[in-house]
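Next up, some structures in structure tokens.
Look for chain A in each of the two complexes below; its partner is chain B in the first and chain C in the second.
What follows is the complex of A and B.
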């Protein structure tokens, strides 16, 4: 790390201007709190975890270098594929649905309505609630014994479901709850985007005879595509890193059928990683999972950046 | 001038950083005068923390040369913190370890082997549970701090209502199932014996079991089977005894006498089924009495039922004092003084018994009114002491949490009818053996 920073410092020294004149020194001093933080807590920990991922490390003893061992084991581990698929499945359901709903809500709440602030606040409320609270609210709906959902199904003559333990239902139900909790946040981002669209555009469209639907598709959607892109990226990252919800709602202990649900149907990558590191003393293996997760996320984000050229418009 | 000011600012920052860093690891300053500072860790909730502080104060009075500094947190946080502290080399010199975690830390080299001290200075005759921390090589890694032992808990009100006699010491697991039939009721109040019994609307179950110490492990053992061999490095899942026991469990689940994992999930927590009066019997350990008394349940305990050949098994967990392998000599000495005080002093034992969290380790206190107090539930506390005669550990080893996870996950699938008994046995046998080989073959 030291080497790295001196190298960085040497580079500008080749230039004519003395880089460490008094102004430069003061500048460096002023940014040093950030720089130190960055080097120790971002670069340092990342390099350390990369090293751990190539070693046998039980936290209690110093890591032993084992090369690609952890990665080989990982690619042979059926639970890794199971958790990877669960994560991907969660993302496929979560990202489009939440993005669309957030946009819809933002458009609805961008009108001049009575009690507008109240409606915006109501949608933002779950965002600031803790997952434990949300879990209790969700339980009132999806508890198989006393929840509304099953009471409703029974009234309709349909058999009640084991929502949060059934292999088929668990991910869709978790996605639904996750969307409900966080859609308000994305709605706010969309609202900011919507308010950046000049009313001239709509006026011009009206003069050209566009109806409301056309205005939405031809003006609103392209004009906020930059915001949509941001929302999609954020949602994807969030959904890959989802941990708290699943830990709280499908249990974190080793009790039967709790962590990750029955047949590990809700075991996602983050939970899988947490369990290896903090329950099983396998920090090396967990670090390998973290790096694979990072590479997957990086790849997805790069693909999204490439694709954005096709649909995102900046003025 | 400017340069000097720059340097002085830089110096100031350096000084602050140095102070911060040294502040983080300041407990290395060991002796103040002739006093030894003993760094002790324990997991706690508010009542146990208060009681522990009282006991520490008394200890410091009678041992003026020792000063105790503590690290404590709620259960999960405590072990996370402890693990990182061990990695950083600033862990407590002595800590109270969950019985299931002793071997996990010991076999990874974090705990001091105290065989010498235990054989010379701790009296087996006076102490409960000492043998449960001995490994298969005969080494001792800890000294019991409080004992947990399992028994059959039953809800007296539900038995009375169904007109079923209470469990006795002679019960076999089949007797338990026969009673469960009468105690399992559907929404119309019909029991499982009634031809009109509706399996889809069960409102009350006969018997619940889950997890490891409260679960199938005990039934396998009573049937003559088990999970690991005595060396704790080999799976013995694949046996006819286990198969018989598993079939017994599956039959109960299918008849809805026992709630399956999905049924239990509906109570939010597995423990709430019995606590809320929706289950008539449950295996649990002594620590559960606190929450049951808090819920105002009318309950008592009976010994664990016998298997078909009369074999009996109950789980025991000896939560223990363990010493850090890296602790300095004088601290190890102080830690031993604390352990001796804890296990021999009536004062400390009585104080700790009053919290009601564990069975006292000192036999004379456990056999006294202090523990057997007839005024508090369960009335039949002597069952716990008698159970110690046949109780055994739950195969705790270095990879305990990991094999238990395989075991309970597979059981959940079996109980949810994902596969049959034979597939369960093969899959679990291979899964557990893989976990064991992963750790022990590497050693």
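What follows is the complex of A and C.
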């Protein structure tokens, strides 16, 4: 009986809060900018985009419902498959190499090297630069006329290459530049993760007679796997949406590059969508591309979350 | 063991120094390129050092076309975005961290969700919204969303507000402060490092942005620096070495911010790994 009565007394005390009291009103008022953001620029735009993807829409005339036409056209469009492959190829080269290099750099810096701050700053320099700046830095190395890569090859008696136009080279070279630009950013994320590993783990490994190499694979790699997972997810999302680099380096200003490299060798999905939307004003078709890209990315992210149980170590 | 300089440290140094050189040498080469004469810039095989060093490249490109207005435009967009991010994201984050209101947790899950969800599908409709509002070729589409709260910024500020002890809130309440006053007078001044992190990240993002300016800006005098330089390079009117100098000029403001606020860049990077 006693227990029951206290329960009954507690209940009204909780219920006394009105659904929307003064604090609640303040709360809603203060988040209201985000509510607008969410309702208009997330929900509103997504619904509109979905509708456009089933329509023929050139901006000048109102959208005309055409059902699955855009999607049918898309799945028959060789340029779609070309750009999908280019995007996937870019990602396959980019994500593992960058993740591994960033981790190696972080491990090297984490052993209390002198000049940590200097090295960190140097690796952050490309991170703070715009792709326009990076395009000129990359030019210094990979420009077919003035770049040092070709000067070096010529000295060795090898024919100069057309790095950023050549069908074979363009994606690997773009990947190399993309890794160079942002490996420092991922390195900092890894450094923060490494500082969370207790030194006891390494001491225990030392007592067991492990060398540096074994410690890296047996202690660091498993202990940092949570961070690695995040880095892989972030970079996959980035890689699939990579637009600025490709636009600036191979598809932006010059007519010759306007197809996305020779034979569309660097036409990625984002550039493909951008062209359809803002060069040809096929907003319906572009929206269909956006949704397909979105669904592919969503599927990949979900698969990565499923797979993480197999390799990510949580303590 | 202690006396010997450990082998893995030596390997570490070699690796990091090599990597630092790979980072720096291309930049240095670019600086040298920016000082060359057109003739020297175009020659093959290239020479590393500029001879003679033509410093006037920097003043020449500054006087080219709309270069100074590109700079001013970039500054306007970046500063309006920073102010918007500081004010709105912190206010929204305060409500999420400290106030109880209906659907708070659901809404915060949405914030986290939209942080992971790519924004590709919103590009076209967003363009149509701004076009219908008559805002094409204005700066508004480039900074307005910062004033409506961005997920990463909200997340960052919420973390900061969560760390402040409840006593401060109680004391302010006793003094008769309403929630907005508590946020503005008590909490905001206590979170300056996070605000600085948010400011430098927003500045960097906006200063370097290319996609949105390419979509929304039409006339040359409205271009921001990254796309202004691209448009100059497309016209073949400006000599290439001048464009290199122009690109490096566009790096200077963000470089200054970086040199003075490096630790906030590092903090922000770490936070993006905390999710």
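Please note the rule applied: the second predicted complex is superposed on the first by the 280 of 315 C-alpha atoms of A that agree within 3 Å, B and C clash if a C-alpha of one lies under 4 Å from a C-alpha of the other, contacts with A are read in each partner's own complex, and residues count from 1 in each chain.
One rule holds for everything that comes next: contacts are C-beta pairs under 8 Å (C-beta built on N, C-alpha and C of every residue); 3 or more make two chains touch, one makes a residue touch a chain.
Bear in mind that the values here come from a model prediction, so they are computed numbers and not experimental data.
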item	value
Chain B versus chain C as contact partner of A:58, first or second or both or neither	first
Residue contacts on chain A - larger count, chain B or chain C	C
Partner chain in contact with A:199 - chain B first, chain C second, else both or neither	neither
Partner chain in contact with A:26 - chain B first, chain C second, else both or neither	both
Contacts of A:279 with chain B and chain C, given as first, second, both or neither	first
Which of chain B and chain C A:145 touches, first, second, both or neither	both
Chain A residues contacted in one complex by chain B, in the other by chain C	25-26, 59, 139, 145-146, 254, 278
Interface residues, chain A side, partner chain C - complex	17, 19-20, 23-28, 30-31, 33-38, 40-42, 44-46, 48-50, 52, 59, 104-105, 107-109, 111, 113, 117-133, 135-141, 145-148, 150-151, 154-155, 180, 184-185, 188-189, 192-193, 212, 227, 230-231, 233-234, 237, 240-241, 243-244, 247-248, 252-254, 270, 273-274, 277-278, 283, 286-287, 290-291, 293-294, 297-298, 301
Chain B - residues contacting chain A, complex	2-3, 6, 9-10, 13, 80, 83-84, 86-87, 104-105, 108-110, 210-212, 215, 261-262, 264-268, 270, 399, 401-402, 404-405, 408-409, 411-413, 415-416, 418, 442
Chain A-facing residues of chain C, complex	7-9, 11-13, 15-16, 19-20, 22-24, 26-27, 29-30, 33, 41-46, 48, 88, 91-92, 94-96, 99-102, 104, 107, 110-111, 114, 116-129, 131, 145, 147-149, 154, 178-180, 183, 204, 207-211, 214-215, 225-227, 229-231, 233-234, 240, 243-244, 247-248, 250-251, 254-255, 258, 262, 265-266, 269-270, 272-275
Parts of chain A lying in touch with chain B, wherever the complex brings them together	22, 25-26, 29, 32, 56, 58-61, 139, 143-146, 162, 164-166, 254-259, 262-264, 275, 278-281
